[in-house]
Each structure stands twice: as C-alpha cells, then as structure tokens.
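One chain, chain A, appears in both complexes that follow, with chain B as partner in the first and chain C in the second.
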Partner chain A sequence: MFGKKSTTGVNTKEVKAILNEKKTKMELSLKACAHCTLCAESCFLFMGRNKDPKYMPSYKFLNSVGILYKKKGNVDILDLGEMRDLVWERCVLCTRCYCPVGVDIPEMIALARRVCRSQGVYPQYERE
Partner chain B sequence: MDFSNTFFWTFAYDFIRGPMVWIAFIVFFGGTIFQIFSLLSLTKKQTISKLTPGPGRFIPKRADGEDKKDWVMWLKLSIAGVNPFMTIVSTTFHVLLIIMPIFVLGHNILLDNSFGLSIISLPEGVSDFLTIIVILCAAIFLYRRLFVDRVRAITTWSDYLFLFLAAAPFVTGFFAYHQVFENYRLIISLHILSGELMLMAVPFTKFVHMIYLVIFRFTIVSEYSLGRGNRTW
Partner chain C sequence: MVKAERKPIEEIKDAINGYKRVLITGCGGCVSICLAGGQREVNELKALLNIHLKKDNTPKELDGYTMERQCNDQFLEELEPTIDQYDCVLSMACGAGVQNMAKMFPQIPVFPALNTISIGIDKDIGMYEERCRACGHCVLGYTGGICPVTRCSKGLFNGPCGGTNNECCEVSQEIPCAWLDIFNRLKEQDRLDDIKKIHVPMEWHNQTPRTIIQESYKQRYSV
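Up next, the complex of A and B:
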C-alpha cells in the first residue's frame, strides 16, 4: 500500500510482544526525557569519540527505543540494521550513564538489543 | 465593534479566570496523584541487607583514612563538576519556576480576595527581578536548542513547544505587570491561560519529568540516587 513501509523479514508480532512487556516504562521514559543532553559526558564513548552527539546516551536511547515506540513495533529490517549499529557498536552497556531525571537508559538500550536479537539482527563478530 | 466588548470575549475572560482555574488544578493534582501511583507500580520494595559485625565479618576502618569518600573527585565527576554552567542555569530555572508563582504578591492578593487567606509574598521588585532571571534561563535553553550541536541532535518540535509553554506564563506575567501593551486584559488573560495549560500539561506530557525525577531519584536505590531509597525497578 502507498505510504506503508514493508516490514518483510521482521516478525512484528514478536517485536510488539517484547515491547508490550515494558510498555509503561518505555512510554514514561520517553516522555520524561527532557532532551537536556546532560547525560552526554557520562558516556566514555562520547568522550572518546571527540564528543560526537551520536554517542550520547540519550541519542542512542531515543533513536532505538524511541523509533520502536513511535512505529509501534512496525519496523523494517533497515530500521533494525541502524539500531544494531546504535545499540551494539556505540554502546557497550557498561551502565555508567547518568540521567539527571532518572531515566534508566541501560535498560532501554537492553530492550532495543532484545528486540534486535529476536529478529536475528546482531553483530556477527567472526564474519566482520 | 470593539474587540474587548464582544460577548465572546467576556465569556472567554470569565471562563479562564473562573471554572478553568478549578479544572486546571483538578487535572494537575488528579493527574499527579495518578502518575505517582503509576510510577510506583513500576517499582517494588527491596529490603536492604545490612552487614552486621560478627565473627569474621567485622571490617575495621582504615586508620590512614584511605577508605574515605573522595568528595573532590565525586564532585568533579558529577554533572555539577562536568557542566557547572548548565547546572546553575537549570537549577535556578526549575526552582524559580516552582517556587516563584506561589510568592508573587498579585497571586496572594487574589487568594486573599477569594478565600481570605494568603501567605507571605515577595516584594514586587524582587519578583520582577526573579522573573527576568527565569526568562533569561529560558533564553539560554532556547539558544542551546538552536545552536549547540549535541542538543540539536535530539531536539524535536515538541521541545520548542514545551519550552515556550514553560516560559509563557513568565513572559506574559512580566508584560502584564509592566503594562507593556495597551490591552492589559488580553495579556493577563494569556497569562492565566498559559499558566493553566502548563499546570494541566504537567502530569501527561514531557513535563512529567517533574514527577518522574522526584519519584525515581529519591525512591530507587542506585549509585546516583538522592537520599536513601528502598525500592527497585
């Protein structure tokens, strides 16, 4: 259909089921994030990558779980591919990030990882 | 026909300074209570196990004080140490945003007229100065949203909307107090309306971080928690 993105290759039912488990927390965390960027310096990757905004904890959280939530789980394989870079390459889940408002960023990143993993999207270190 | 004399205008003016105030406060308090329970339902109580001294368990304090918390390092690594300017701006903005409206003389006079009770008020000059501070802080936030790369990277249109909504009661209040525009009624109506909209938005929109912060930073045990929480996710 016009305007509707193809979600072939992604089991959206499974994605939705995973998201549903954490729905309230996800919704509240996305709402509570004030986009203040004060979490940036708490990420060692952000500090080590010349303060590139793409490494900010909030950027990673909003562009992974945020997209999953906005699209209500109807993501395509390209979305997940982008998310893979975000939640695996740019985050090591060291859980040292600090949110002044109290958003549990590591858990949100872990949720995005879980969704990606359920669809077979994860880094394949032996091939790369 | 003079705009301010139309029936609609009178009705709207009476509505926003009458029933709408009650609606705003009911939505604000009702929504806040609802959100507090909904947030707490996401967490559960956790008993903190204490290590009691006993045979083989006693951990003596080091005499040289090496185990003392390094407060200088702690401060350096905190947001206040890494980003002192934004800490000051943000704290000032948020504290004044909540405290100031309660102590403005005009608000207390209205309370006195309506219920015969009022609380201490700030001198008018002080409130005026503090209002300018709040507007300045909001301007700094706006500057960051527009020109600082890292903030722009995650800014959406709703951020501007909510910044505008938070600053609007102060800007209109400032204009109304100084009677900058001839139509005082219009400005004061906008002042009341923006305040009401902001109150109603707190529990259900981005402003929910006001409730979220208090609940999560104070009740959940974590490295960064404020106070001694005894709950966990």
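Up next, the complex of A and C:
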C-alpha cells in the first residue's frame, strides 16, 4: 500500500556520503539539543522578526539536518527545496548563535547547505 | 557588500597554466549575491575553461566546489580531506577569501579568478555601484550621507575643485559632482554649517592591514 518514497532528482548516494562524513557530530548534536531555546536570543533574525519560532537556530537545525538524519539521506527534491528556504532564507550563517551545551549550529546549517548544493539546490539571486 | 567581477578568461588560463588538476572554489557569501563567484558561476567557469582548454589542446582536470564562505576558517575546513588531490586552486572569492584560502592551505598555489571591485549597492540585477572604499574614517555624518572619497573623482575632502562643470565632474559629463550633491543635500536639511567646521586631517591607513575589535570584545582580546 505504501510504496517506497520516490527520491527522483536526488543522488541519495552522494547525500549519504556527505552525511556520513559528519555522522558522529550530527548524531551527537541532535542528541545533545535539549530544546532549551537559549540559542534563540542570540539570533538577530529571531529577535528582529517578533521572536518567530521558525527563526530559532535550534528549529532551523532540527528541521534541516534533523530531517536529513531521520530520513537517512533519502530525501526528494521537494524536501531539499523546503530545506533551501529554511537554511538560506532564515539563516545568514553569521555564526553568532550560542548553544550552552556546545552544539555547533552554524556547522550543522552549513552541512544542510552543503547537501542542498551537492544536488544543485541553492539560491538563485538574480531571480529573487 | 563586497562586489567583484570575473577576470578575463585569458588571465585565468595563464594563471593555471602548468597545473593539471585544478579545483575551482566558489564562495556562498557576497560574491554569490553579486553573481560573480557563487555555485552557478563556478559551474559556468568550469564549462568555459573546459571549452577553451580543449580548443588550445591543453585539457585539464577541473573540479568545482562551493563553500559557504572563504573568509571563515570553519567553512574552509570542508576542503581538508580533498585538497591534496589538486595541483592548484582557482578561487572565486573576494581578495580576503583568496588570502584566507592561501593561508589555510599553504602547500597549494591559490589563484584568484575574480577582481574584487568595491563595497557597493545593488542598482539592478547584475548591476552594482560602488559606495564605500572602507577608508576607515567615515565622514558621511557631515557630508549629508554622500561619500566624497568614493563619489568625488579626486576624493576631495574640502569642497569641490575648480572643475565642476554644469553640475557634473570634469572627468565626465555622466558623473554628477559629489560636492554639489553634498551641498544640495545639506542645504535641503538646513545643515550647511556641518561642512564649515574644521575637521582634523584624514589619517590614511591604507598602507597597513587593518584589524578591528568591537568595543564589547576588547576585554576578551586584552586590548
């Protein structure tokens, strides 16, 4: 009844290889995030957008790398498109976010961007 | 933001002449936004170089890779596992990014593929105009928000020269006189007294690399 989800347009082997390079750090970061929200106030985009939770660094990290990890890299082009909006539109990678337990959120967002880039999903500045 | 443009293809070819395996690196920062050195431009340069090198009968192994920023060591670390596979790097970052890449991987020659032009504004898609030369001594406060260093062809600090001609610069009738614009804006805001004040002479620091530490971080770096 439920067939395997199509990942057409995405080279999942390549995605998995990139994720594997940072597997330990990714796992540790996802486990370590205590959802404490302390990172939120260090993000100027979060503060400047009426504290919209979708701009919270932990939200951005969990909904990009978290999804890649959960799906074990088996993502489709729509997943990456959604991720693109999240990791580029809602984060400028200023590297100022602070995590009390030491999760390197910018590194994780950069990882999600790297996965997107590897599949040709990145901002098209002249069209935006 | 920093604005840049690609070097002529002949200059790029000359730079990588003699190297077999070349890595073209893009930067996801400023040069990506000004359509000079992002992922799309890396793909374009790779394709263009392949055509030229094939035509010259000097084919090379070209690879492309774009990282988030070349001016930040953290993002350059991504290249550590693969950099030794290449004979040289062709960086599509601004001058700061190229230097950081060269510092990070001193064993590999790094060549710039772009000319860094200015700190500028977006006029339209693909059109950018210089607004700041990072002189390190901003005078916009008393020049009505118009920069004499950037906008005046002579970078004059003390009013217009004798070449002002029909509200334009003697260099070209296409260039408005910056000092006339400054005068008009200050007059409109009733602030003409601002340019009558005597200011200490500009200390040109352009000869030495400048580092800044923000006030709240001075204690941290023991300054």
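Keep in mind that, in the parts below, the second predicted complex is superposed on the first by the 126 of 128 C-alpha atoms of A that agree within 3 Å, B and C clash if a C-alpha of one lies under 4 Å from a C-alpha of the other, contacts with A are read in each partner's own complex, and residues count from 1 in each chain.
What we mean here is this: contacts are C-beta pairs under 8 Å (C-beta built on N, C-alpha and C of every residue); 3 or more make two chains touch, one makes a residue touch a chain.
Model, not experiment: these values are computed from the prediction.
Contact with chain C, but none with chain B, is seen for A:R113 once the two complexes are overlaid on the shared chain.
In the overlay built on the shared chain, the residue A:L93 is in contact with chain C alone; chain B does not reach it. In the superposed pair of complexes, A:V101 makes contact with chain B only, with no contact to chain C. In the superposition on chain A, contact is made by A:K25 with chain B only, not with chain C. Shared-chain residue A:Q124: touches chain C; no touch with chain B.
Comparing chain B with chain C, more residues of chain A are touched by B.
Once the two complexes are overlaid on the shared chain, A:C36 sits against chain B while remaining clear of chain C.
Residue contacts after overlaying the shared chain place A:I77 against neither chain B nor chain C.
In the superposition on chain A, the residues of chain A touched by chain B in one structure and by chain C in the other are 107. By the touch criterion stated above, chain A contacts chain C in their complex at residues 21, 93, 95, 106-107, 110, 113-114, 117, 122-126. Every residue of chain B that touches chain A in the complex is listed here, in rising order: 38-39, 42, 79, 82-83, 86, 90, 144, 148-156, 159, 205-206, 208-209, 212-213, 215-217, 220, 224, 233. Across the complex, chain A is touched by residues 28, 32-33, 35, 38-40, 66-69, 72, 74-75, 78, 81, 125-126 of chain C.
Partner chain B is touched in their complex by these residues of chain A: 24-25, 28, 31-38, 40-41, 51, 53-54, 56, 58-59, 62, 98, 100-104, 107.
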